[in-house]
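A quick write-up on the structure given underneath.
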């Protein structure tokens, strides 16, 4: 597929009915589709389990990625090991594909900084960004470092469509344009920023057209079609690797769940809208397609579900058994070397903890 | 129209302001909601804006019912942009509106700082009174609620250092109601920080009478003879608990809620310490260059001869608030205050 | 002239040679052109005098508007008395046309806050904004207030092209789009942000196209053609008054002087470029046109120059004789009522000043 | 290759680093330029970025010659966007570059605060040491140079309150050179504030030997017996003048330049005050919740029994810095410090 900077065109291969809308290129083969499908089902299984954990008081506030699995999966499969990923907080799928195990993701959401101590592929990735859009400027910095060193890598950053209202987003995109940075920006347009619908977030017809402000390429993809997401990201990543500059991808999807476990979306959005969105969600459409292509059957489905449950469950059990980190960790990673005046405070914290445990 | 018990404003019900003579038994978050309703009803220049404040009524429900009652022109969901929220509030205020803007959590307030420091705090001064900036920037703040990262900050000291601002922190439903009304009526910019840990901790009887509380005074919550305990925000509760514990030991502690940390009513604090000769200042925030330091320094300057022991500070560590599993270690509790108080008294 | 949101088209009536490029509409009549011309000459006279004052130590750091007189003049003539103007710091012309007398402008630049105490038309205008781009969000706030109250007024804000790199610019423009604010943004694209040329400020081909990001109308005008500037601003102001939303105008011009009196532009830009820019500057082209239309002659020119010198000089003399404001003013406008704890500081300042004067 | 006198690095000439054994007699701004050259030459990960830092060499000429020598890939003019400058520095630092970013004036630093507070200060802690943020944010600060509005701010206290940062302020060419080198070499984020009033005030002999000065210590500039004068930044000069004036009165003042205001080397200060029993802290910034308050509070806690008089503060007013015609009233001068010192001593 050819990508242009016409921002209004929404790329899609497989539509909401699981039917082919435009023919899949060779590289989007059965292997790819099956891997995508398995990943999405795995992530959905995980996601539901974490929500359940939260409901039973075993988890901190959690941001579900329900409905956005195709975006994270497409990115995770398209991004290279050498690239740097700067996530927002619904990138469970990408993190999973970049070797951040579920157990560690649970540790993060469960309120332990060690959940950000990634190893392997994600060793240079950023942790989830809570202050909306700030990761986009960090990505521009990572991409600058890559460009300064002349490496064949890129920075891929994600955010929500709400994040595109923040200065960080534009400042970074503008830099990406003028410095021709090896950077890919993927906006998860899930139509809502907590209770604020897309329509009152911006007057722009699309998020993709914001790329025009920076003179970079921008376009929409159907964020519920994992093949379209993958293809778009692959295009943008290749372009970045070739030194051809930055890309803004608007992945159009829908937040099927509450904003977080602390939210109740029924307060502000209509059932009908959510029901309609369920008809376009990414997992079912790919299953339909795979079924129709005879690449998948009920037995495989059941086996997959079982495998997912098992993998998730063993991560959950490991998470639940994690001891609290030592109190000294509160101090020992603040600076490379602890300044003298903090030694006393560290000691005080240890005593306080000892006392608390004594009680 | 006396309001029956069942009409007492409560969390998720739309607040209907009634006869100011009828008591409402409410939490702090309800009191804030009541004050917003009252302020909007009595002054059509009052507008409310922020992320999720209109349709959703605020993530903590502080603004519930406002949009339905006062319309979308006066209760505005903004795009997700804190710099913008601060900036447009200044523009609105310069046009004689009285914007009450919400920053969803204090951890996201930093993007407003340029506007607050360089403009809100200076518009009147810069124009020699021609333009002014009667805005309120509300933000839930503080830790102890097991929230995600950046949702537990106490960085009130940053604003307290800026001339031209008022920085106000309620610590009870009554003071939340009265101080917020006064903040909205105030002709100058007010940073209004709401200790969210106690949003729903206690209920108090409040009359929705539209009467504000003064912003230029500290509030003495308990008289005492032996030691002065000074605090603000959520820590006022641990401080009161500590005073109870001290009482059991026969020590009578005076407890003062600073409430407005800038400009500071130092006189009330000085008078108390002159009386007691002992003082512990309790702040949730990190220690270094916090507000407790200013209070300690000022008190020391003015009560040197009366001081019987060093003024002590009970504060957070100079680390970020830990992620939730270790949050408890960061927070101070009543016995930490008692320990500090006893140490001070033993220095006698 | 019809304005569209095609961002690439540069509107112009009178070109650099003083020749008509597209016919002037009736309302851009001789009166208008003569008034524009007189204003621009007046401003240039003022500007040069302030620079001279600075060189002789009688003035603070000053930002010249040399070369940008047509933008300020066009805005000043098109904007209504009821509208609110939010300037940056090269808007001497607009301020002059909005009844901020030279003496007061000198007072501001000379370091006295009373220079911002505007009366008359400018009574609600903002003072010069030093922190780049922050005025744009203020303008969105002013426009919001106007919209909330349903008034037939607008907020007009100016900034440099450098300012368009800052988050404030985008955040405000985005709001203007989604709230359909009565707001006009005029970017003085003078090609330089101190030493940073337009080409490394953004990768966008034009500044005007940044409007696309917010879904508002945006276009370029020749910022050296006062009639084009006036016409564009008039269009945008009318549109705003009619509740039809915001407009971004890129006025293309050139900063003929140093950035400020503290700057030395020869360090970073080529003589040739500056010389070429002088060929396009706004005053000469209009003079040529007026001469050719037989609306102006040498005698009138000389009379005008004399009148300008005289007006400027009397303002300068008044400025030089201004007493310092009382020291108490440092405190008396900080809050509506001075907080108690500041009374002591006020007293200390008065004593300090008395002591200093005693010495 | 011994450098002849004429090669001494001077303001507008490109600095050519020479034999570290040859002395350079330089101003503070030259010393900063020298340190930047030295750091970039010795570590190819050091990059410089900001507004007007490359082609123009910085509006104060701090970065002169760097672009010519190290190329545009390592010396970058950014678009006009302070949030971006801070944000990309963090991204670069996480990739093991060592960005030295300039904010043109401290008055424009507020837009960086979200990134500094929420990310730079926390990246290492948040990732338990996996990523770190060895960046330096340089900004000229302070008043007294008759600059336009927003060009004279001293808001170092805002950064001093943030755990995870180092806040470093040189007050002489020697310390500017040594502290900046150490700041760049430091594995954690450093806010490096340059008192621009003294950029060109004094010259000192410096050896461009690449040797840094410790960031974890205060610098005792003058030993004394009767009173401790504590300051930082440009006010160190007025403080030294005050010490001279006191000397004439037979009073021997110890003068300490705090240099690193956070984390603070309180021990050096405590030891001095324990010796002298008298202390004046001098800060240019507004009084309320400034760094002087922290120093006073901490000293009071640790030297209570030795203190012979209240610790005094000489500070700016709690107003914005006035526009230039009245700036002089805001600034404190040597005799203001002497007056405070005498008052303290008379309290004996």
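Letters are used for the chains, namely A, B, C and D, taken in the order the chains are written, and counting of residues starts over at 1 for each.
Criterion: a residue touches a chain if its C-beta (ideal position, glycine included) is under 8 Å from a C-beta of that chain, and two chains touch if they have at least 3 such contacts.
Here the structure is a predicted model, which means the values were calculated and not measured.
Interface comparison, B-C against A-B: more C-beta pairs in contact at B-C.
Of all chains, the one whose mean C-alpha position sits at the greatest distance from that of chain D is A. Per-chain CA centroids place chain B at a distance of 41 Å from chain C.
Between chain A and chain B the centroid-to-centroid distance comes to 36 Å (mean Cα coordinates, whole Å). Separating the centre of chain B from that of chain D, both taken as means of CA atoms, is a distance of 33 Å.
We define each chain's centre as the mean of its Cα atoms; on that basis chain A and chain C are separated by 44 Å. In chain B, the positions touching at least two other chains are 79, 81, 83-84, 107-108, 111, 114, 118, 125-126, 149-150, 163-164, 263-264, 317-320. In chain C, the residues that reach two or more other chains under the touch definition are 113, 131, 165-168, 171, 174, 178, 200-202, 329, 334, 341-342.
Contact residues of chain C toward chain B in the complex are 84, 86, 113-114, 116-118, 123-124, 126-127, 131, 134, 136-148, 155, 167-168, 171-172, 174-175, 178, 329, 333-336, 339-342. Interface residues of chain B, counted against chain D in their complex, comprise 83, 107-108, 110-111, 113-114, 117-118, 121-122, 125-126, 149-150, 155, 157-158, 160-164, 262-264, 285-286, 288-294, 296-298, 300-302, 304, 307, 309-313, 317-320, 347. For chain C in complex with chain A, the residues that touch the partner chain are 165-171, 174, 176-180, 200-205, 209-210, 212-216. Residues 47, 73-74, 76, 78-79, 81, 83-84, 86-97, 99, 114-115, 118-119, 124-132, 163-164, 166, 187-188, 216, 263-267 of chain D are the ones touching chain A in the complex. By the touch rule above, chain B contacts chain A in their complex via residues 51-52, 55-57, 59, 77, 79-84, 107-108, 111, 146-151, 287, 317-320, 322-330, 336.
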